[in-house]
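Structure first, commentary second.
Naming follows writing order (A, B, C and D), and every chain is counted from residue 1.
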């Protein structure tokens, strides 16, 4: 495809005995997780179980302890800046687009922190992959609909040329059609870029449909489940 | 309650520490002089000053006590006064009358006399206490009339009040360039309202007119608005009673706005300072006339000129005044046989046309009812980075009795 | 008796500090200059305590405290000199004038946060100095040259007698401030400091509380001014400038903000160190600023906190000291037990109408809420039957919390109307809405971390704060009866939500999350709440805790017929307790009815359960 | 009338100076949440570095200005790391008071080192008679001030609008957490903000010093009016800070000329209170959504 798609070689994420939480309230107690290069991994679980905490711990946004925490063979430092440089892009829960900035500026911001050499071509690659973003480029991100914002947030993550893209609650507050189209575009982008995907969502069905592997978080530890069996598991925790 | 143990336990050490602190401070303080007069022993005379050493006024005030210190040091190296060395302590009051008063309270137990320093407000705050306790307060720079008029016991000053100075300057201006209209600008130095009123009275008495006045806080950054007012009013004279650098800023604003008055800018001793010379715009120099307590440039052979030679203070009128005042103090002490506060005051009250700092100060005369010593005011004009004396005007308590000024040679 | 009963944290050590300083000053043969400085320090300590009430207790700021000291001092002196009033009358009038000016300025500045209040008070300080210096009032105030203050009833300015008077006034101020701190007003101060929005929805008149705090701060400044003017004997504008305001601020920072004893220690250090020990102006200015910065950056708890920390460590290591502490503990504990014990079960008065059944508790009609260009809620209609449990569900960002905030008055609707028990809340302030029985909890528990559990719950009873400042200043003598009622109701509410008795004396910050949520719920229950708004009460709770909460809610709902409006993500929880539910998405209502009916709808199930079916009617095409 | 018009024009000149300081304060406040009460003394210190470079090192004016600007950038960064960054959990009030403490410290150091000879006459960067507008002579220095103010504000505007650094500032101001998540170096950006605001302050001090002279407390009264201008303008609005400052300058100068210096202070304060009462969000600020 375009220049943007060739750069990223994927890398493996290895975590063992991860502990993290907010102040006194510990959320994760000794979690093990591995994401292989190029693997699409979904993480499901009810509210408050620590899905977002997991992603924040990986990107270094919150304090954590672990016996091992490596990405591409190198240890992960406790700093979001380093995580981005190492090739981890984090699309936070609730999109968190920069409301006062235009969509174009949001994309530019995504390219500042990372390991991007040729921003223009990377950006072009991402925009090509999300054609519906083109007419929005000069609008303020805060005025977009939820689905459009989610798209911008994911595109903003992708322009950092990640080797691992982490998406928190992609489906949150979106209509099923929006969820379907954004999910498809995200997964295919990752596959083309050769990036792994760590996708946290309450919507187990959508994870099952798109991911290679789905993990269920319960009481701060991870249980692998069969992605084809997600329908049955769904009602278990609602 | 469950946790009350932790709560109550904490105060025990707090209080213990506190008691230690107070105790430590308290043990510092008792010493009593054993001689006949407070502050005078067989080998020492203790003098002190409360001076503006910090804050905006520090730069223009500090040189006076610094120079006094130099003078006392010289006296000490020369053997002191009748075998007694002078011990001189200066405390900072930051131009805050309350702090000045606090300083006086620390001085009152073991100092013989207070050496005057900067500041009308500080002098006004402390003079009553000093007077009541019989502590001499020698030659402060003060513009508040109640401090010296009527004469308070022990309070003597060299400089005339600003209200008398503005009147004298108006008189000098009218004498030199003819009568006209005046605009008065003052900083709140001393009784500034009286300074405005007396200039106004003098101008109208002499057949001139008063257009307006303005008051600006000391340290005002932008004098443009006042310059604009003056430009509108078009007075013949601007009369000012302002601090050194404020005078310079004000004069500069007048020049910038083409608002320099037709005839002259007349100022008081407060403007005669190094800070004026270093900052004024010489464009208006020929129209500027200031009253000065000291002759400028000072006589080459004067003790203080020699003492300050080689230091930047030699050109600083305030330092020269400080040194000359210190010289007057040592003269008075030397002339007092049995050194008590009362005798010192008598010595000074006895001075008639006394030369205490020839080449710098004019002759001083005091009496039991007149505690302002100066007998003539020098008129100085800035020239480049120095002042030059261009005339001498006789000065007396009664403005009407003042004679005509004589131009300097 | 007062001391023991009030179980006040700060009263004993604070009075001890003030007392020791005063007694030491009286007993020791002090150097006159030190004695003079010490009296000044005690006077400034009063101003610093006042400022601490505003800053440390209420979380506000003032950079103009010295100006209020000046107003008190000048006004009193002017009443004596210009009008010839006797001393006592002049002092009363002088302090009163200061209070009135403080209320006037306070009514404007309390609307602002730090930046605005700091600027306005800083400027006010400048204005006061300018007016005092200026010639307009120079005949009264002496202008730049200042004003000589006549002696106070024969007390020598720097003498022991004056020291004794100043010390006694300081001790009285300390006692009053500690009592205030421990009263309902004091608790309201803390709550405002913690979170103004939460305080407002708990029924606290936030602006009024801030004004009380501001006025108290300034009145203490005025008292300090009177004492200071007497010891100095001379007033000039110079001494009350911005620099002195910063000095007072430094006193409480260095001493320990948020305590009563701290500012006294700070005043001693800040006044005596530069004024007496380090006499060189330049050195003391540099040392002073450096000390202030070191405390701000490295020791924000101040001397008081530092000594307390040492004392705790010391208490563990030195047996004698801890034994002494133990003795004192048992004594206080006995005193506490000896006090009147509230009856264990005293449910709050219910309204005469009895429980709310029949009619509508809440009607939301065509509600629209906008933030600038963003429309958070549009055309929202909700009806909640009295006595029912109604759930609001929807994805993040759907507008659920916005809806709660609008119902309790924190946000203004741009269109539409909300009626609570039949009457509109248009233009009604949050605390008034609270008075109508609307009680609210928050997603993250909005408790006051540095108050104990019981005090936190008492805050929910803030319905008759008005006019209580005066009685609060008198402490248990005047408020003992009310406090007992508060105490018993708080204990009852804590019983209701199942907080163990041994946890109730702890600081709220030390509780775990589910307990904090229950404390918040207890605060909601304790007042005469009729409509309970719960925002994500289940977030972060384990399944067991959630079940326990559901049971608690069912119980209070049954016992008191409360109407409950609850926002939650947990469908199971909602099915468990709700009679009806409304589904929000993109700020609009997409479904309403009984939980079973609504959740049976395929489109809604899709949103929440991830079952792919036909898109929602209003779904966007990206 | 001509007099008041002149006063108004002179007020605009002063207001531009307030506005430039205000720009620096608002920039810091927006991106780091700190109201910097040390802005004035930091600026004065920059002015003194410039002055000392000329008198002690004998550098020509332009070189001294360069030295001062570089030194203030370094100082700004140092202030951030030593005074502001440690213990961020202490809260905004604590950190705001830290800036006051810093201001006292810098003032004390300047008094110690340079207080004795102050105020110093500072060389004007441009000489000349200036331009006559109505009755008012706009001095050449004021024209320079206007030009520099326009250039600085234009540059800052372009920086914020177009450059990656500016974009990062805006992201940090809007959502600090998200900015960190996107790998923006928050620490370096904050340090840079402090450097820029210190440099801006020094520029103002160097422009101001020729007319108001250089003394440790030179900027104090300016700072008060600057903060007032910011509150009038709306706290977080850069154009608001400029507008508010110019209004303060004009109102103050017109009142001084029409009435008295004292009245000038009182009228500006009254204006502040009226705006706070009637338009709490300031002239160009956004209203707060929560009411209490």
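As a working rule, contacts are C-beta pairs under 8 Å (C-beta built on N, C-alpha and C of every residue); 3 or more make two chains touch, one makes a residue touch a chain.
The UniProt protein names, listed by chain, are A = ABC transporter ATP-binding protein; C, D = Branched-chain amino acid ABC transporter permease.
Since we're looking at a predicted model, the values are computed, not measured.
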Interface with most residue-pair contacts lies between B-C
Just give me the whole-number Å value for how far the CA centre of chain C lies from that of chain D.
-> 34
Distance from the mean Cα position of chain B to that of chain A, given in whole angstrom | 75
Express in whole angstrom the distance between the two chain centres, defined as the mean CA positions of chain B and chain D.
-> 36
Inter-centroid spacing, chain D versus chain A (mean Cα positions, whole Å) | 42
For chain B, residue numbers touching 2 or more other chains are 54, 58, 215, 217
So which bits of chain A are touching at least two other chains?
-> none
Would you pick out the residues of chain D that each touch at least 2 other chains?
-> 111, 115, 260, 262
Pairwise, which chains touch?
-> A-C, A-D, B-C, B-D, C-D
In their complex, what parts of chain D are in touch with chain A?
-> 164, 167-168, 170-171, 174-175, 177-186
In the complex, go through chain C and note every residue touching chain B.
-> 7, 9, 12-13, 16-17, 20-21, 24-25, 28-34, 36-37, 40, 130, 133-135, 138, 143-146, 148, 158, 232-236, 238-239, 261, 265, 268, 272, 275-277, 279-282, 285, 304, 307-308, 310-312, 314-315, 321-322, 324-326, 328-329, 332-333, 336, 502, 505-506
Flag every residue of chain A that touches chain C in the complex, lowest number first.
-> 24-25, 46-48, 93-94, 132, 142-143, 145-148, 151, 169, 171-178, 180-182, 202-206, 231, 234-235, 238
Chain B residues within the chain C interface of the complex = 1-15, 17-19, 21-23, 25-26, 28-30, 53-54, 58, 91-92, 94-99, 101-102, 105-106, 108-109, 120-121, 124-126, 128-129, 144, 188-193, 215, 217
Touch list for chain D against partner chain C, complex | 29, 35, 37, 83, 86-87, 90, 92-94, 96-98, 100-102, 104-105, 107-109, 111-112, 115, 220, 224, 227-228, 230-231, 235, 260, 262, 265-266, 268-269, 272-273, 276-277, 280, 286, 289-292
